[in-house]
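Once you scroll down, you'll see the structures, which are given as structure tokens.
Shared chain: subunit A. Partners: subunit B in the first complex, subunit C in the second.
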Partner chain A sequence: MRRLCAGLLATAIATFALGGAALAETIKVGVIATFSGPNAIWGKQFKEAIQVYVAQHGNEVNGNTIEFIYKDVGGPNPDASKAAAQELLIREGVKYLAGFDFTPNALAVAPLINQAKVPAIIFNAATSAINKQSKYFVRTSFTLWQVAVPAAQWAAKNGAKKVVTAVSDYNPGIDAETAFGSAFEQQGGTIVEKIRMPLQTTDFAPFMQRIKNSGADTVFAFLPAGPATFAFTKAYSENGLKEAGIGFIGTGETDETTIDALGEQAIGLTTAYHYSDVHTSDLNRAFAAKLGELFPKSRANMASMGAYDGAHLIYKMIELAGTDGDKAIEAAKGLSWESPRGPVSIDPTSRHVVQNVYIRRVERDGGRLVNREFDLVKSVPDLGFDR
Partner chain B sequence: MIRISTIDIVRTSLGGTGKLLPVAILITCAFAAFWLFPYDLGFLTQMLIMMVFVVSFDLILGYAGVATLGHAAMYGCGAYAAGLFAIHASPDPLLGLAVGAVIGALIAFFSGLLLMRAHGLSLLMLSIAITMVLQEIASKARDVTGGADGLTGISMTPILGVFEFDFIGKTAFWYAFSVLFIILVVLRVLVASPFGLALRGIKDSPSRMRAIGTPVYWRKVTAYVIGGTIAGIAGALSAQITSLVSVEAFNFALSADVMVMLILGGAGRLYGALIGTLVFMTVRHVAASIDPFNWLFVIGFMLLAVVFFLPDGLISLPRRVAGMIGARK
Partner chain C sequence: MTVALSIVVDGIAYGMILFMISVGLSVTMGLMRIVNLAHGGFALLGGACAHVLTMRYGMPFVPALAASVIAVIVIAIPLERLVYRHIYRFSELEQVLATIGIVFVMIATVNLFLGSTLLTIRMPPEVSLPVNLGFKVLPLHRIIVIVVGLLMVTGLYLLVERTRFGIYLRAAVDNQNTAASLGIDTPKVYLAAFALGAGLAAVGGILGAELLPIEAYYPLRYMVLFLTVVTVGGMGSIVGSFIAALSLGILDTAGRYLLPDVGTIFFFLAIIALLALRPNGLLVRPS
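Here is the complex of A and B:
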């Protein structure tokens, strides 16, 4: 009898153990981003940051193996984004979607994730309204309201009275213009002129003249990082605006991946943004070291940080809720952690990251240019969500 | 090189039994694709939409011999028209298609009045310019189009009140295929008609056509409007199936891709347009998933090879091979 009992017990334990083993599964995460063409840098930064996170934290959560699957959509292409999401959800059976560099690519999957109840973590796409399209969207990047408002507050506190805004004429530019303008006027400043510049132009001399003539003491600029910013900052220094005492404040123009190409003319530019790769914290140093070890030629930027924290969030959601989409979203709300960019948390209403916004100045650091942080605005939520 | 006269091609396309074979192949392929790749319906549907678009360009470049680089103008307008119609007027898909077609036709008519007077380089430039103007309008009119964020909020009622758009994309696939099929049938009749023959004549020798009394300009405008109508339908399909329209619908790269697909498959042949689209999109899909950074090389070399060795496109491959075997004997 005793032997029988022992046998039964052994069988029970074995069954339990086996059952436990069967519970562990491979959880797939589909990453939709741009890996080819002129915007391939987004996908590259995302992928490298995810690999750094996996190298640091392993690929297992609660005994489940996490597998990332990457899909290229070749740029802002909502049709391809939707087809990629369909393929990932149906064929690969992914339980989480992630990535999304461009706003239309994120918006295109909203109906799909609503139906499939699959959380989608946005690593970049920065239009506030995206998160309203589905309760399954969570964002780990930033919005223009989130960085432009602190920029305005800081400028107002530091002596700017009359500001001229100069933005690229497309949705993010208009967002930046409205956010900065309203916040600056609230602080008692005046916006003397609002200049909208064509997205494709690289000749900024006429705009510099308008900025000079406007009588402003500071120019707030928003341009996509890359050639446009290069031409703008070049025009800014060549047309003697700095000498004329017109200060510059921007946001993401001095992105780490393009900053060295800007050269000497960039030195001294002031920006308000949520991440600099020389942020002084042990976590950031560890992140930079690991990135340098795995990808010696790479440099971290805001896209890396969006993906790194996005990967962390996905790990956390899996740890707390497994593959149940609704539970995972609930678990993500209010979650807070220490990121290489500083303390962050997920706002329960907007499902967007709350973070510090740093005021930085471009400096030379050895052979490269860096955004050196010298001031900060603490715990800024997405200020554009309710507009 | 074997030069097949225009008359021969027309005769074969008018033949009795030969007429049904490609249709049967097409339907078989659609069913085969549906059963073999049940997980790729989203991608296959995109391919079908692109086929509609490329076929519309075939009529203009392949048949009428008018080379433009702004075919995305009609595609984009059709997409925005269908999207806005679905949001503000009626979510019925077929009505939306009709609206896309009408807008595509209107844009093609008004731009065609100007474009068809131009030739060669100036035509290319003008067609690019018109597309860029439209893109600029779409990106500036944020209140209407959503600008760079894209036009959102498009939702569709079931097709004919019966077939609901499903999650896997079955309905979308058959919807796009039916539209492609109907358009192909219409185009086959059209290119074999006297009008189609006139277009071929204009392509070969406009001055001779003028000499025999054909109103060359108006024939070209008509062809452009028909092409524009179909491009508008393609745009409307994409808007309805993706439920989103972005300013990228006017992208120059789209116009260029369409030309590449057509030349790859064989301009001036309806099925050439289908084969070109199939090969281009499959290679891009497969190559991009294997090596996202360098897949453009593959497309580039493929295009070079086709242009050098098969100037009439991939569709001429069987005939070339047959010709080579025949020459050996």
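Here is the complex of A and C:
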């Protein structure tokens, strides 16, 4: 009898222990991004930053193991993004989605996450309107309004009176033009001309001539980083605009992954942006050191920071709400933490990151070019959400 | 008046870059009549090579240019012997498919070793100095490109029209069997012409990189530009490509000065109009 009792007790304990173990589960996070083709840099930056975060913080939250699953969509491709999300949600049973380099890729998953009640953390896609499409979207990157308005305010405070805007003729460019223009005029400045340059432009010399002829003291530029920015900044320095005293203010043109390719012509370019890899804080130095240790050839940029803070947010949401999507979104609202980019928080209405926007100037630092911060606009929310 | 002058100067400078990047194609596609979509690939290989030599090994620009062009020719020769030799006999569609396949291989190779970011080529700093022409400022490298482009078009014109090699090449392209029966070693002529085309592609890629920066997807990004220049110029005519490049450059620049909001549509409308009037291009060799 006593034996039986002991046996039962042992079984009970074992069951309890096993039951306890079953409560701790593997929580899967699906990362949808571009890992191949001309835009593969996005996926690479995301993945490396997540791996740095995991290396620093482990892969367990409350005893649950976190597993990241990566899906390639090969560029701006909403259909592929939707298919990837479907597969992740149904076959892999992910409880969180993340990634999203391009706006259409994020928009495409909105109906799916609404139905599945799964939070989707946007690491980049910077159009304000995305977060209106689903209450399950949370964004850790930036929006154009968030950086273009501070750029305009700073320019107005620092002597710019007449500005010509020169933007690439596509949605983000037009957003940037509107955001900068309205903010600059509010500060009492004048926009003397608005130039929209076709995306395929290779020779910017004619635009430089028009910028010169416009009589502006500053040009606000917005172009996709890469070949377009390379040719634009080259034309800016070679057509004598610098000598003519026409200032340059931009946003993300001097991205860390392409800045060295721009070369000497980039030195002195002023931009307003939310992250520079030489931001001076211990957290950022620790982040950069770990990244350098794991991926010696890599350099952190805004995509890395979006993913790093995104990973942090996912860990926090799991810690506070486990796998309950609705609870997790509620938990994310109002969260604030110290990020390598500075203090950040999640605005409860727009579910978008509130952050400092830094004014930086390109400088040489040893063998490389860096965006050196010298001024900042504090705690900027997504200024485009209510437009 | 100043605007008109600016348009002409900027247009010629831009047109010369267009000529530079497509002159190799006017040899392979124009003269040899292969639909060589891999043209940009050779430019990419040349540019990537120049990037590695100038940035990693600190080689000065001119020797690096020469070394890269030679390297591309060295790659092109076995490629012609082993692959292109068969492609010549393909139908046009098959040529398109085969050469685009070669482009993908080239892109993937560069992507694997150098990644998909911009591959800058270091030039002497004097090259980017602005030169004041009085009515406008032009970077020195544009002037260099204009001079090199003029030298190139003269050299090629003389080579094709005035030398024995040129006669052999034209004969071999027009009728391979007759040319061979007259004692012309057509495979060798083809090999030499192909190597020339690849070498010119490399020169164009490197010199044009100031405007069209080299990166892994270069061949696809600018494919339409290359093809436009050669098509508008008229197949088989180097001088045609030259005139086409200059007029397209001036047209595009004029569009950007005068009708900036119409943008690239202007450029393509102009091409449609041109090809409607002259379906075979500006200058066409009667065959």
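Rule of thumb we're sticking to: the second predicted complex is superposed on the first by the 370 of 387 C-alpha atoms of A that agree within 3 Å, B and C clash if a C-alpha of one lies under 4 Å from a C-alpha of the other, contacts with A are read in each partner's own complex, and residues count from 1 in each chain.
Just so we're on the same page, a residue touches a chain if its C-beta (ideal position, glycine included) is under 8 Å from a C-beta of that chain, and two chains touch if they have at least 3 such contacts.
A quick note: this is a predicted structure, and the numbers were derived from the prediction, not measured.
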Quick one: on subunit A, after the overlay, do subunit B and subunit C clash, or do they fit? Just give me the call. fit
Looking at A:P111, would you say it contacts subunit B, subunit C, both, or neither? Reply first, second, both or neither. first
Looking at the overlay, what does A:Q209 touch: subunit B (first), subunit C (second), both, or neither? second
Would you check which partner chain A:I41 touches, where first means subunit B only, second means subunit C only, and both and neither mean what they say? second
Superposition-derived angle with apex at the Cα centre of subunit A and sides reaching subunit B and subunit C, degrees in steps of 10: 50
Touching A:D375, do we find subunit B (first), subunit C (second), both, or neither? neither
Quick check for you: in the superposed arrangement, does A:D169 touch first (subunit B), second (subunit C), both or neither? both
Name the contact category of A:E67: first (subunit B only), second (subunit C only), both, or neither. neither
Determine, under the contact definition given at the top, whether A:T127 touches first (subunit B), second (subunit C), both, or neither. first
State whether A:D324 touches subunit B only (first), subunit C only (second), both chains, or neither. neither
Once superposed, subunit B sits from subunit C at a minimum Cα distance (Å) of 6
Do subunit B and subunit C touch any of the same residues on subunit A, and if so, which? 37, 40, 169
In their shared complex, at which residues does subunit C touch subunit A? 6-7, 10, 13-14, 17, 111, 115-120, 122, 125, 128, 130, 132, 136-139, 141, 210-213, 215-217, 221-222, 225, 252-253, 256-257, 260-261, 263-264
Subunit A - residues contacting subunit B, complex: 35-37, 40, 43, 70-72, 74-80, 82-87, 90-91, 103-104, 107-108, 110-112, 115-116, 127, 129, 133, 169-172, 174, 199
Which stretch or stretches of subunit B touch subunit A in the complex? 39-43, 45-46, 49, 139-140, 142, 147-150, 152, 155, 167-169, 238, 241-246, 248, 288-289, 292-293, 295-296
Could you list, by residue number, the parts of subunit A that touch subunit C in their complex? 37-41, 169, 195-198, 200-203, 205-207, 209-210, 226-227, 230-231, 234, 237-240, 243, 257-258, 260-265
